[in-house]
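After this come two complexes, each holding subunit A, first together with subunit B and then together with subunit C.
Then we have the complex of A and B:
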């Protein structure tokens, strides 16, 4: 499953081998995402000045994404919103990964622990994701904390399963038995034999969790449970734009959503391309 | 040696085909013991799941900064003694454990409490809204399933061509598309700009409930259903494509080719047969995502379904309604998974084959 398998050997990519192309793709997309985050942080409040003389302008060279009802530049709002989304997604994914790794390791501790972990995974999968995030977000009192915890607590299930299965598989390998017969301690086997195999899976799992986290954050915020309306979040921008739909201000919703789509795609692409590089099972493709 | 493998595989395939036909014929007697143990396990699972879902969601809401009295009063002004009375009624001062037991006891009796925003029993709100939501979800579930399966088959047959690439690009893009944004864009294009469809709500404004025709309902259903269907296609199409490619590169298809079967026959006889069951199973496993998508789509189109009620309940602190919807959605997802499990355990001939050899 790869987003953009660059097999066409023409255009800008001519003369590069597959590995170089993959690296180039990763580099370019990472650069794009990094630019968004850095510029969203460095853009101060003053860049979003309200200017009622230029409100509700359609896209032009001066304002590529148009302006909103307060005359704020939609492009800057979008960049700031995307930056915020990426940061929240990163934070939530990291918490999720830590949870997943802990529970995945726990499941290998014994039979009881294993069934406990699968039971918890089933429990979290039993409520629709979105509803679960809403519930946790309300429980935590809303705001950024609510969203981050909500997203973090609803996305670890997939990775936990992967880690669990992977450990199970590795444990049946012959070299583990040999190692045990040679008298190595469990800890030694866990850190020297099992853990190195898990690292690529965990890394990939985290990156591929990103797009989901970002989309869910935006959805929950859009519904009104996430970030407060003062934050420059993508979800806020889009829910605000709903009020102006009948007025025909299409640019208020179109460009911010499209940018969000591109960011999500970029993360998918990084994940898939990185997978080709570091996943030994895919290395020969 | 290879040819022996191939013949052996063909032999197994034929056997599976026989098993499969027998099952379709309905003459297959299922192992009673297996059914009983399966049902028992699932029932136990459902019970434990519901208890924990109830408990956890209740506690989450309990410790959240929601004030039920405030939510009930809304914007009205009330006297102090009235407020004390309401606090008594909503049990602000009773300990949480006792409150949970009371609530859970009522749930067991089928009493979900009274919705704070609609002022009617929660069960009635859910009943009324579910009908609209389930129509929407069922329609988009079917369309996305059929469309996704067809696209997946086409992409699988034409692997590596521009059609395949186009379908793949479409799927990857859709998988990354925010649901609510797609809904907004469709709303802008078809309702605002072209004016083909109404801008929102399940029925026209200013028409009494008796005068709402089926046509009105369908007209209001189309855009939300299209949005959900378009998004649901991605996963199932990609899955079908991968599976079909896997099947088509198998030894028994090679042998069938050697026997002189043509491309289309191959796909119809060997491909679709082998891909259909896993694809249907996957579609049933997608109930959770479907529900989440429905919440967003209903919100954008102001479609009066259960998802919109959940959002309203959450935003306006209608705790009984929110908890009721959480329980219903958990049941919904559970039954999706259950059907998938049943297909897997009882319908898929390959599983039976494996069990027979064990």
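Then we have the complex of A and C:
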């Protein structure tokens, strides 16, 4: 009985070990993000009807994030915007990951291929992300595709390096030599020995890319080079709200901005915790 | 039939040769001992003979022919640290059967227990892992075994046990063995002949 009391006294988390705590954190944060995406998809157009009788209302219990100059509920606009951001982030991160894995694998194919990959990584690193995204986005004619491709093509470099180094490191392992001596082909070794080691790193890399992708999408859209003004994007909400800040409608920018920050931090937290699970020793580097 | 290293020269760094013009030869069925000071290049020579290291001068030859770089290598190397010789993410049964399905009688003679097969490598001791490494390398296609300090991690009784099994199998399959060890007694007991690396290595 005394142990039960102690457990209760020390809070809910104390009963769990570090691994369970980490898993719980990952689960809860993922649930939050999933809820945002699902609600943003299931909220129809009618939820954002203009209602001029209730425009520019400050936050209240009925409209927790207030309303805008057309009487639209800012909470719903924010949820829709966040959902869109997360989905664009997901697309961009996935494309980025695929690029990174292909180039990482390519770099292990030979010396020439390796120098080529290093050269192209350095080339992309020498251009500022934002500039690169804007250029690609304009080149692709703007819109969601432009932003996704722009973000995807500017974020693969980090993971490519990780994959490249990881493959190099595994290839020097004795059991790879042994596998070759047992008559296994390069392809067999790549799929059975090397690739399984890469999966956690790839997963982690993708999730850590998310916050960058989301923030970059928002800033490019904010600057007017990204999603079109018809889309319910956070970047659009923020740039519109700038016009109304001087009129004292602070909630138009404050809540959407804060929510975006929370989502970004949530992804960062998932990434951090996942990193601890995958490699407890490296988590503090 | 014999395994020959002809005029082998090698250095990890460009101007620092570790092996210079080394000639060595092991017959099938022969058990040859290789001794030498620590750091003299015994392990390096083993790696070259087994094809792990390719940037060397000179040739590794079986019956007058170069060992092909693809396919099953008739020269198998087993070394000191079995925990490095296994993929930590594989179950022991997959590790054991990576090259060929190891027959039950070999498992029995090495004393490999059924219950070990479903474990992960970190759940076995060094000596237990080494039995797997040896069983895996002694297939019917193996013609030469290079044993680089394979029993340094176990006690004297286990050492004798493991070597008895290896010598039995090697005799049955007519495999030639190169034994590297610091223990003179062991070498004298096991080997038909002994070479001293410094005597065949003209590095100064």
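Quick note on the criterion: the second predicted complex is superposed on the first by the 268 of 285 C-alpha atoms of A that agree within 3 Å, B and C clash if a C-alpha of one lies under 4 Å from a C-alpha of the other, contacts with A are read in each partner's own complex, and residues count from 1 in each chain.
As a convention for this text, a contact is a pair of C-beta atoms (placed from the backbone, for glycine too) under 8 Å apart; a residue touches a chain by one contact, two chains touch by 3 or more.
Remember, predicted model here, so these are calculated numbers, not experimental data.
Partners subunit B and subunit C, once the complexes are superposed on subunit A, both fit on it without clashing. Contact with neither subunit B nor subunit C is seen for A:221 once the two complexes are overlaid on the shared chain.
Taking the C-alpha centre of subunit A as the apex, the lines running to the C-alpha centres of subunit B and subunit C meet at 90 degrees, rounded to a multiple of 10.
When both complexes are overlaid on chain A, the residue A:78 reaches neither subunit B nor subunit C. Once the two complexes are overlaid on the shared chain, A:141 sits against subunit B while remaining clear of subunit C. Of the two partner chains placed around the shared chain by superposition, subunit B is the only one that A:123 touches, whereas subunit C remains out of contact. Partner contacting the larger number of subunit A residues, of subunit B and subunit C: B. Look at A:264: by the touch rule set out above, it reaches subunit B but stays clear of subunit C. Shared-chain residue A:160: touches no atom of subunit B or subunit C. For the pair subunit B and subunit C, the model built by superposing on chain A gives 9 Å as the shortest CA-CA distance. In the superposition on chain A, no residue of subunit A contacts both subunit B and subunit C. Contacts from subunit C toward subunit A in the complex involve residues 50-52, 70-73, 75-77, 79, 81, 84-87, 89, 98-99, 136. Partner subunit A is touched in their complex by these residues of subunit B: 45, 48-49, 52-53, 56-57, 60-61, 63-66, 172-173, 175-181, 184-185, 187-188, 192-193, 199, 238, 242, 287-289, 291-292, 295-296, 299-300, 310-311, 314-315, 322, 325-326, 329-330, 332-334. Residue ranges of subunit A in contact with subunit C, taken from their complex: 173-175, 177-185, 193, 196-197. Only residues 1, 3, 119, 122-123, 125-131, 134-136, 138-141, 211, 215, 218-219, 222-225, 238, 241-242, 245-246, 248, 250, 253-254, 257-258, 260-261, 264-265, 268 of subunit A touch subunit B when the two sit together in their complex.
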